[in-house]
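This is the structure I have questions about; it appears just below.
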Amino acid sequence: MKTKFIPHPHVIALINLALAEDLNGGDPTSALLSESNSPQTATIFAKSNFTVAGLPLLPLIIQESRFELEVEFLAQEGDQVKKNQHLAKLHGKAVDILILERTLLNFMQQLSAVATSTRKIKDLTADKVKVADTRKTIPGWRYLQKYAVLIGGGSNHRFNLAGGIMIKDNHIDACGGIAQAVEAIRKHSPHPLRIEVETRNLEEVKQALAAEVDIIMLDNMSPELMKSIIDNFGQRAIFEASGNITIDNIQQIAHCGVQVISLGSLTHTINPPDISMKIDPTP
Amino acid sequence: MKTKFIPHPHVIALINLALAEDLNGGDPTSALLSESNSPQTATIFAKSNFTVAGLPLLPLIIQESRFELEVEFLAQEGDQVKKNQHLAKLHGKAVDILILERTLLNFMQQLSAVATSTRKIKDLTADKVKVADTRKTIPGWRYLQKYAVLIGGGSNHRFNLAGGIMIKDNHIDACGGIAQAVEAIRKHSPHPLRIEVETRNLEEVKQALAAEVDIIMLDNMSPELMKSIIDNFGQRAIFEASGNITIDNIQQIAHCGVQVISLGSLTHTINPPDISMKIDPTP
Amino acid sequence: MKTKFIPHPHVIALINLALAEDLNGGDPTSALLSESNSPQTATIFAKSNFTVAGLPLLPLIIQESRFELEVEFLAQEGDQVKKNQHLAKLHGKAVDILILERTLLNFMQQLSAVATSTRKIKDLTADKVKVADTRKTIPGWRYLQKYAVLIGGGSNHRFNLAGGIMIKDNHIDACGGIAQAVEAIRKHSPHPLRIEVETRNLEEVKQALAAEVDIIMLDNMSPELMKSIIDNFGQRAIFEASGNITIDNIQQIAHCGVQVISLGSLTHTINPPDISMKIDPTP
Amino acid sequence: MKTKFIPHPHVIALINLALAEDLNGGDPTSALLSESNSPQTATIFAKSNFTVAGLPLLPLIIQESRFELEVEFLAQEGDQVKKNQHLAKLHGKAVDILILERTLLNFMQQLSAVATSTRKIKDLTADKVKVADTRKTIPGWRYLQKYAVLIGGGSNHRFNLAGGIMIKDNHIDACGGIAQAVEAIRKHSPHPLRIEVETRNLEEVKQALAAEVDIIMLDNMSPELMKSIIDNFGQRAIFEASGNITIDNIQQIAHCGVQVISLGSLTHTINPPDISMKIDPTP
Amino acid sequence: MKTKFIPHPHVIALINLALAEDLNGGDPTSALLSESNSPQTATIFAKSNFTVAGLPLLPLIIQESRFELEVEFLAQEGDQVKKNQHLAKLHGKAVDILILERTLLNFMQQLSAVATSTRKIKDLTADKVKVADTRKTIPGWRYLQKYAVLIGGGSNHRFNLAGGIMIKDNHIDACGGIAQAVEAIRKHSPHPLRIEVETRNLEEVKQALAAEVDIIMLDNMSPELMKSIIDNFGQRAIFEASGNITIDNIQQIAHCGVQVISLGSLTHTINPPDISMKIDPTP
Amino acid sequence: MKTKFIPHPHVIALINLALAEDLNGGDPTSALLSESNSPQTATIFAKSNFTVAGLPLLPLIIQESRFELEVEFLAQEGDQVKKNQHLAKLHGKAVDILILERTLLNFMQQLSAVATSTRKIKDLTADKVKVADTRKTIPGWRYLQKYAVLIGGGSNHRFNLAGGIMIKDNHIDACGGIAQAVEAIRKHSPHPLRIEVETRNLEEVKQALAAEVDIIMLDNMSPELMKSIIDNFGQRAIFEASGNITIDNIQQIAHCGVQVISLGSLTHTINPPDISMKIDPTP
């Protein structure tokens, strides 16, 4: 799937925080090089195999830095890149390249980490189910991480608290039961949003079905129980598996017939690929 | 070591980004509960063993949210907490607690992840060496991650480009050699900063020693080579090991006699502990 | 319906813009009064009949101004207030009250305008249908206006572009038809969101039904056509009327059987009630 | 009158709030279209007759969005446009156009609403008097609304609390009378500002004249009283009529001889003209 | 004159910039002291004689820092303080006091510098004339510096470009003469603003008088010429002397009879008094 | 020394504050000129002799203003310019030039003031010592002032609290002596930072030497004492003179043999050179 990267104000704010924290005080080491105003080129390249994400951030970070570097892309967003593959070239002054190097790479590595782990999980499930993220994202990174999930072939669960109705235990308790909670919410909730209820056992699933909710989350259930639920009620709601899902059990869960599997680890656990930058030798 | 948490403007800005991304649009699900203005209590607790960090953020996030929740701490920053241990209680309205739950936990988990992995690494090296972070941090999180490294018993490498003089290959090449680079920089660099040079082999170490730099980074060298360098020149500079350091080889490296070991993974690789929140049952 | 007001960062930013634009340069007239540091009280009161909204903003604006005024509420959010009814009292220094007067009233008037017009429309339709807003809001005021719609008894349509899937003419054209557009989107869209299609005639309604979309917007159709559509297909989707809906025809439209009527005018057309402030006479 | 539009930081901040509130979370519907990177054109056009304002905001919003759309103007700021008249064309990718459509139109409609109502009022008074706005503006919109008043042929009253000395009842009471208030203020007020006093009856007008103020506001007076005041004292100050001025009585008031008529409704009451956007058919 | 200090958003933004630039990266030196959580007191005191300004900033900076320090004032804003006089005490933790020390003193010194130099100039002219500032302020400090001018007994010229009409040479040239420029502007300028024209010789003064402007600036004229102008035309406008005014010639200029003397040096030239802070010895 | 100017986010924020404070409300005087859209040129020139700094800010301010002016540089950053020398030309619309004139000049004057006074001090000491700034900077101006110090030939002391370890009296007292303080800090301080101790007499210097600190600040000592200290211990640390250093005694101090002299006055005392702008006559 092609995805539109939107450089919206929160992303710009995060980029400016990143520049502020690293460039605050200048770069006394690189100041030495400031004579070297002749054009230089640097290459950003992969030091391992991974799914690349974050390329559209390169020109954006440079624009925010007010430096005058040109970016030449050598890979496409979402590509499965190999060790030593070149991803992009930067053209400009050496001093500008050196000052921005770390900020550029830090963004690329974080985004590629999410795309790569999503890609791996998604490939295990083929097209059977949607592999969805959660709101367990790194604070400040909600949009970027959910974008990287899309790049890795995943789907987005609700973007924020207003991106879906999600009735949890605490809500249910406060209202006196699933039936009451759903009824109260349905009357006033924004009609473009589906209503989802979190369930922990068969009894709760039946209550949710009786309340005619749109989505039922099966939380921390065994694959056997989930399969039995889907076999019996699969046509009456969208079923989503969640909780304790790992690379080891995801295939079994996918076979239960749920339409969505959601994992907090897609965005809260980060294993960044190694990405590096090298000033090209002068020809 | 006790460490002072400073709620400086970049942290406040990051908290506001986090609130903006999650609360934007409100919380239509929890709105249902808004009648329940009677006092409620919720408990934040550990679901695994880890080193806790981020407790001072709880009241700060609440202050920025303009909600009126009181925090009662049940653990101290830096504690080694056990599964099921209670970390803090929130007193206030249920609706306010539910709206902030995810943001509070996301911050706690990210900070505790860094403190926990630092603690593990540090414990492997005992007091022999400083275990230091790098500038490979999650963009926008520089201060928080470096603070969590301290909480985990680690040390900070330079906070940003102006927090130390670090002469890398590219700088050396641009100046025509280590000697020339160091001379040029020493004349103008801020005198409160030590001068560090990155070296890749014995020859470069000797050049750095001849230039009388303060710190020599031994990049990606074998433990044997590092040991030999320290044995011969250990008194003439601060030696720092860096590159490809893992939980498996860090003890061997620590025995080489380097004073500092720096690891990008302390801050760019995140394995968050499981932290959860539960509304307390009404007594 | 009770609604939770969330003072999120965009609202705080808007309040600060408002303070910046009015207080920039200080208040040379009121400076005269700065001796008068003795306690004063002022009353905010209605000069016409309306539905009041914006009371929670009073303490928030005061907090952002860093002035020390206490607010005493004399009405509740959503109340139908009468001419001359007192809404709130401010206790503090006269100079602080005078400096903030206009900003406080401007916010109250804008929010009450939206709540009042929503209330009027909603009362015409009784409980038959949801009266929903649109994204035609005053830029910067999205959250506040949609909150005021709720206070007035209305419902929210999608909060922003990510708060619902809405397939319009242009999308359909780009994909080659409703069937193709829906299929392409359904595969990748966030599962918590319903899928809505905008239709302009019976033919398009039938295509949308065939594509099994969740919501069908009937755009600018005659009440007769809408009634016939609902009579025939009312059980197969949520139907929403939109376009050229006024206070004159809304009752007829409500009788067609649609579940939702959406109006841009709720938020883009503003007729503020008159709200005023008077320093209380010293007793 | 030609007026210079100044894209100052508060306007930029408001534009970013608008983008943040609508684009937060991306646009999952339009993401579908992201393949369509071939050039597209869209037309912004009038659906009723009005005075257009806000054209300079189009390129500004686009610049802030970081999208790459070109604007081609087909009307000029301040033009009296007719239904179906084309105002501007956007050239770029369809997906970018669709994502920004609502934000662009929302700004245009709000500004054109103010220019149009100002134009109508101004035309009723010919050149006899200045038709001025007040500080009763939509919070965050002070500059944009006062700019639109100029585009509609009106004049600006003070931009903010520091844009003029305005002595109101409360100030007078606190100082013990008009004479004392004016004397206290005159001594210290910035000399580039005129001194205005609000009066409610002939007696107060006489006191203001005795105090030699520069501007006398006649608040809520009958046209007859105002005429008599101007006839007797018209040469001794600038007279401004204010309070309960409508489209029905403004001509009569203009004939009283006042130099300025100020109306809060110019900026707090909004009746936006209908402005729409259509993707051009591919040729 | 008493003056109201308004902590408006631009001041808050400047304080946050100041905190961000100094606290960025924390305070590794003072971290040592973080054990010392027992209450401490520090005294801010004068090390020379000066006019104090900036006291209201102390609690404001502390509030923005989120530290918990209490301020006890020992002097009043505008006081003429003597060497060794105590100005304020801070109560809180030593570590918090030490971290904020420099930021607090830097603000106090800058504001007191302006108040002190204004006070000196003002005392030389007694009450004969207003001593006014200009727009030649330190960028970002407009409000704070103009506030300090008031504290020092001076007056404010226009706060910004919209705080008065000021017709300069370039404007006159562009319009073809003083008469034309004034006529064009008068028709459209905000009526609360006086119209000022800059003149360089008697001929221009006469043209300005003929155009019936409100204020005439006599730019860089000899005291003799100014005296002659005032003697002849003093009743027909407000006259303001400006340009090359120093502590040596200001008394002579004041005797010419001008009502206002404006000096850029009040705000662009800074000679800060010495202000220091000392942790009180533990009793 | 060539120095790299970095337009980092705090500088951009300060520029925006400056634009906001001056352009807020627009420029009613210059609006008159808005017809004159024909190209104009203006010259920024020196009205006295000084060291110029701030040229890179010109295009940056213009970019932030969103005006379309081109800058042509006629001098280089750091040049010793003479009275009447041209520094830069602006090409664009007259109205845009006039609106930005004061903001551009205010920045240039402040930066050139610092560069000029640094240059003067530095020239008195030749190359014998580093002339360093302090943290006594104008709040919000830390980076710009420290950059201007470099342009004037000076050196930077620590950029902020994290840019060096500086142990002052208060720290020493809290820890029970220099030895204890240094030991506690050395164990945990970031290794890229040198450790500096402030001393007031020979006894403290000896304690600092015994503790093997890197830098010893000699605070307010007589030149004779300082010379004796350097003669005896000069090889064992970097010595920095500070306190009561003026243009009159700096040469004597420089001859003592200290390596660094630091002065708060470089950045807290401002005597701006006169810089002006003139619209070029039309040819």
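Each chain gets a letter, A, B, C, D, E and F, in the order it is written, and its residues are counted from 1.
FYI, contacts are C-beta pairs under 8 Å (C-beta built on N, C-alpha and C of every residue); 3 or more make two chains touch, one makes a residue touch a chain.
Just so we're clear, the structure is a prediction, and the values are computed from it rather than from any experiment.
Comparing chain pairs B-C and B-F, the larger number of C-beta contacts belongs to B-F. The interface of C-E is repeated, with over half of its contact pairs matching by residue number, by A-F among D-E, A-B or A-F. Averaging Cα atoms per chain gives one point for each, and the point farthest from that of chain E is the centre of A. Set against the C-alpha centre of chain D, every other chain centre is closer than that of B.
Averaging Cα coordinates per chain places chain E and chain F 22 Å apart.
Chain geometry summary: the mean Cα position of chain B and that of chain D are 50 Å apart. Work out the mean CA point of chain A and of chain C, and you get 32 Å between them.
Chain contacts: chain D has residues 1, 10, 17, 20-21, 23-28, 30-31, 99, 143, 150, 156, 159-160, 162-163, 165-166, 188-190, 193 touching two or more partner chains. Those residues of chain D whose C-beta lies close enough to touch chain C in the complex are 10, 13-15, 17-18, 20-33, 36, 94, 98-99, 102-103, 105-107, 109-110, 135-143, 160-163, 165-167, 170-171, 173-175, 181, 184-185, 188-190, 193, 268-272, 279. Chain E contributes residues 20-21, 24-25 to its touches with chain A in the complex.
Interface residues of chain D facing chain F in the complex, by the touch rule stated above, are 1-4, 6-10, 12, 60, 63, 143, 146-147, 150, 156, 159-160, 163. Listed in rising order, the residues of chain F touching chain D in the complex are 16-17, 19-20, 23-28, 30-31, 34-35, 64-66, 95, 99. Chain contact summary for the complex, chain D toward chain E: residues 1, 130, 132, 150, 155-159, 162-166, 187-194, 196, 214-215, 238, 240, 259-260.
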